[in-house]
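A, B, C and D label the chains in the order they appear, each numbered from 1.
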Amino acid sequence: MKAVVYKGPREVAVEQVEDPRLEAPTDAIVKITSSAICGSDLHMYEGRTGAEPGTVFGHENMGIVQEVGDGVHGLSEGDRVVMPFNVACGFCRNCLAGRTGFCLTANPGFAGAAYGYVNMGPYRGGQAEYLRVPFADFNCLKLPEGTEHENDFITLADIFCTGYHATEMADVGTGDTVTVMGAGPVGLMAAHSALIRGASQVFSVDKVNDRLRLAEKIGATPIDYSQADPVEQIRDATGGEGTDKGIDAVGYQATVPEGEEQPAMVLNTLVEAVRPTGWLGVVGLYVTKDPGAPSEEASRGELLFAMGRMFEKGLRMGTGQADVKRYNRQLRDMIIAGRARPGMVVSKELPLDEAPQAYQHFDARDEGYSKVVLKPQQA
Amino acid sequence: MKAVVYKGPREVAVEQVEDPRLEAPTDAIVKITSSAICGSDLHMYEGRTGAEPGTVFGHENMGIVQEVGDGVHGLSEGDRVVMPFNVACGFCRNCLAGRTGFCLTANPGFAGAAYGYVNMGPYRGGQAEYLRVPFADFNCLKLPEGTEHENDFITLADIFCTGYHATEMADVGTGDTVTVMGAGPVGLMAAHSALIRGASQVFSVDKVNDRLRLAEKIGATPIDYSQADPVEQIRDATGGEGTDKGIDAVGYQATVPEGEEQPAMVLNTLVEAVRPTGWLGVVGLYVTKDPGAPSEEASRGELLFAMGRMFEKGLRMGTGQADVKRYNRQLRDMIIAGRARPGMVVSKELPLDEAPQAYQHFDARDEGYSKVVLKPQQA
Amino acid sequence: MKAVVYKGPREVAVEQVEDPRLEAPTDAIVKITSSAICGSDLHMYEGRTGAEPGTVFGHENMGIVQEVGDGVHGLSEGDRVVMPFNVACGFCRNCLAGRTGFCLTANPGFAGAAYGYVNMGPYRGGQAEYLRVPFADFNCLKLPEGTEHENDFITLADIFCTGYHATEMADVGTGDTVTVMGAGPVGLMAAHSALIRGASQVFSVDKVNDRLRLAEKIGATPIDYSQADPVEQIRDATGGEGTDKGIDAVGYQATVPEGEEQPAMVLNTLVEAVRPTGWLGVVGLYVTKDPGAPSEEASRGELLFAMGRMFEKGLRMGTGQADVKRYNRQLRDMIIAGRARPGMVVSKELPLDEAPQAYQHFDARDEGYSKVVLKPQQA
Amino acid sequence: MKAVVYKGPREVAVEQVEDPRLEAPTDAIVKITSSAICGSDLHMYEGRTGAEPGTVFGHENMGIVQEVGDGVHGLSEGDRVVMPFNVACGFCRNCLAGRTGFCLTANPGFAGAAYGYVNMGPYRGGQAEYLRVPFADFNCLKLPEGTEHENDFITLADIFCTGYHATEMADVGTGDTVTVMGAGPVGLMAAHSALIRGASQVFSVDKVNDRLRLAEKIGATPIDYSQADPVEQIRDATGGEGTDKGIDAVGYQATVPEGEEQPAMVLNTLVEAVRPTGWLGVVGLYVTKDPGAPSEEASRGELLFAMGRMFEKGLRMGTGQADVKRYNRQLRDMIIAGRARPGMVVSKELPLDEAPQAYQHFDARDEGYSKVVLKPQQA
């Protein structure tokens, strides 16, 4: 079959690879109809990770069940399904606690597994015609048959659930005001989720005009941090108090308006922008090894964090990649009911063959490539 | 009346000061029977804060109601009461949310107030014969009459509730394993609280032998971090995994075994000692201004925090001073029922006049002075 | 001043009564701008309670602070405020737990107090020019000055918070389907609240066409139970499963389509309409004494409840009057932000003098009188 | 193999039946070392259900893994395991929500499955030499190898987790007072669990002296309801208030002191014994069909429930069989740590061959037969 294969820094190719096959009775093979390119794929693409050439990319996947092992109970050929980016067993103690992003079974020796991602286990990605899905009963979420809502449903694999996870960790509830740092796809999904959960007002902080316009369209108040101190802007808009909750949808590659990277900037901004007793939900990535970091400490993932201020204000913080499985059924039902429209962030659909150009444009932050969905079944 | 008055670095005196009087109809005057000296009093005593000479110390207070204003509904002269160290109004939005440590009314311009503490509002401390208690209906917890359990009940003003708050922020529940950094009074109370909430095993980490023995007496497993890496010791004792939850009862004045201060040491140790998906409860103090800090960043409260590792493990963290009012009624009932015995941490009772010597010994970490209760009504 | 005074079964009059005055330093006097008539006023009006002639009605009140006692800290003359229907002290253990509907102080010997209601304490109602508000700091919620949103804010005294309380007890969250029995003012507010909290679909069950149309306008799916079995209708609309959650906004005076009262009908319908593992939130009134009940047991409040089925399905149920104070600040902020519009249920505004006719029409269920707001300051 | 087979009312026999075999790759076969007789087995034994002759009894099972299918990932031959009485798939939406007692997969058409129980699916019981365990990765909890704690661990299959589930539904927390109706094995486990979760005082209500003595041994306060009104006794012991929480560990076969059955007696007693704002956890069985009921309504599971009083007090209630899988890992760890000793309720161990006599004695409530564990591997 054809698949998007990593060749080396800033190079991917669409190549023939061996078809996946059932390796355990609990596996399924899914024919991929949509596989999205994610910001975190860029880390590998840019060569800032230890990803090996030959890796097949793609952790945001959906499609049609092609074949199931005889230990699969709840799926049949022809079922339309979407898979969380995390591979999870469903029976380890972390999975039982709903922390499927930290499965202890799927990637022995590490808490957490994913498709097509460096260090996240032996699972090939889904930017390909077919995908092997382990623990298929647990990892496949069934969708209504047909092709409706394809761009909405593909967000259930990662970004919608990741944005929602941020609001869960930040304990967003009725009447809350929320600061969301970042208005990329995940930040927008966090803003959307916060409003779904009953936030009274959401501030989306970014410096890219197109993103801020999208945030506004979703119902958020845009804050352009290149124009003025975002903390001041948010305090001014909240009677001097700051917001009840805060979300980090940026991570360690945060940049000051002038462009320099400051890995703790977003965290420390949130500590200031959120009122005493607030909660922070951090889904923007922080890493333990970053060769390109601006300091030696930062290269080990140690950041100058405003702990004194955090403590003085009695803040709480939740961190880490999303446990997609905790949310995807509920958010699917919101899409079906017409109460959520996450597909609005998809900027372009392309056949699999155009993946190399898509990566190139995305890496260059070219307009229209902010969220590309690959369509492996299209010519 | 007599009171413990701060004179300047490492000097307190017992002096005559004006008697407190009702300043609002909602005030009460309490005759103090017990007022404990707290580790946080030492920060002021040592001159490492902006505390003004003339300050009356004492935020851990209990006694007998002497007089109530005519806007007080639920208290009468003669009631035996204990007061949270936080002064709180009971009707601002933080108090309504149970976050009484961050009251917006009692100390205008700052979230949080306390008795006898620098920057925490105009409230005189209770290391004195009498204390004015504002918002008395809200701030006085009634106790059974008599003198029984005096040393247990005095811990309800701060340390027992602070230890319990740590377990609440760390979400300690049935079957959990817990690392508690620090086996001083608060750390011991955190260990006690964790066991009350159903923890299966608690590891108390310290380097002082007496404290480790007390931890053992409470039911915890002592870990001497001067003997070997505490993370290794805890992993060895938990099948390589680390504990489910972690508590910081030390704060920024953490010292390596050799004695040097490393303000982020305890936090970063917890990030390693706690298993993926765990929670941290931080009640050890972190400050925004520390003139004695080992680095310029640390003097502003910015610490080199292992954020990459925290994120990779999907940890959560709650911080800040305890909302004593959320827990004191329940913990009082545990004491009355004989199911909690926090008074065991009290090391000495002294008349008020001996406060200067008590501070001196406590500051020198002399044996027997780890938790002194002053008795203003004793000669 | 003028006030709506109960004279006896089906008779109220607007009469001169003594002006209220400060009775404690913690009281405030509020000049009433809006006071709504509530369905529960009808129980007294119809003579089905032990209400004494002379009672001043009115527990849904808002207005302008006229005078405050000198034990009031956070209010000033001229503040625009709305009061929960429950009178609560803010410092008893139920108030501390957020259960302000069950205050142990305000109505000694009974858990819970209210304005102008039989057995709910000595508090005169607010269908009058002025109202005394005890524990004023706790019981007054400040509103933006001016007259905007008056019909939205008046719902914060009871019905919006009561509807929201139902969704809280039923644990309504993102993606849930919800059955709401009753589309009167409280049922509509429950449906509105469920959607605010992220429900995917809400079914509003009633037999009155006007109410069902309003439910639809709010975003709910109307179910006319006089046309077909509501359980069947709901199952058909949910793939045979029933809804995740259920809300009782009707209570014991439920009637079958033909008109006969069946006091357990709504509860037992919910037990069938909700799927296994579901939650029920019951805010419709159930009483311990009902002289007009269809059976002797029912007259004592003992109803034939489908407990076997409840248990088999593993359902949970929360009951009781709303703790308004837990929600009114947050819902106020939703109104100000334009994210909630509860005022849409107000059907008519009338000067105080027209209260007698308003009660008469409301009692007769005449169109346009489903939710009347009295305006004591209008001629 | 040998198994306990139901022959008809009040008759079981130990007979040869076909050995179980792997029916799906996700199955395991477990050699049973302990299988307990449960009070709910008596319902079938006494002929008060539709259980068919030929049924193999036994839903409280533990043993050693004998064989695993090739779709089983986390188990190996020789592993010591205990199984929840509920059979659950681990991937349906109820299982994902932790409600494994209401699995939608294991018993198609009904929410919930169990071993060896009428209407609970096609699963043979474990009062036999071997047991087939479906969805084995999910349904087997691993235990330390060896034979230690066997009587403690067997309670993880049902009664300890069921008692704990009651405390979870009743939201028992630090400082709570709790009424537990019934001091049979489940009631004792509920009392034990309440104390583990930090209850300050637990009242165990029964009329059998031996049970009350066991309750006392566990740390509860015994209340003999045959001596005086239990509500009065509990109110007297709680300052007139009643307890914070209540647990029903009896169910519909409640009897007044004189012996007559009153199916709603325990529920209505709890409604009186629990203070306003309390929570009830109901694990005592209520059924939808009871031919032996004292009234026609009761035979359909409709009971005269004090709904008026429940509502007036603002109580909440959770019901249904336990989701064992939510608790068994945590409670296992409490046993291993020596912090829970549930095995104290086991009254006798017998070889499988003596099952018929054991049932006879248990049915007759003979002393020493309150909790029998069968040992199929003993001669």
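Keep this in mind: contacts are C-beta pairs under 8 Å (C-beta built on N, C-alpha and C of every residue); 3 or more make two chains touch, one makes a residue touch a chain.
Given the structure is predicted, the values throughout are model-derived calculations rather than measurements.
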| item | value |
| --- | --- |
| Contact-graph distance - origin chain B, target chain C | 1 |
| Chain pair with more C-beta contacts, A-B versus A-C | A-B |
| Separation of mean Cα positions, chain C and chain A [Å, integer] | 42 |
| Gap in Å, rounded to a whole number, between the CA centres of chain B and chain A | 40 |
| Per-residue overlap in chain B, given as positions that touch at least 2 other chains | 329 |
| Chain A-facing residues of chain D, complex | 24-26, 69-71, 73-74, 89-93, 96, 98, 105, 135, 137-138, 325, 329 |
| Residues of chain D that touch chain B when the two form their complex | 164, 173-177, 195-198, 200-201, 327, 329-334, 336-337, 339 |
| Interface residues, chain D side, partner chain C - complex | 94, 97, 99, 101-102, 111-112, 169, 252, 264, 267-268, 275-277, 282, 285-290, 297, 300-321 |
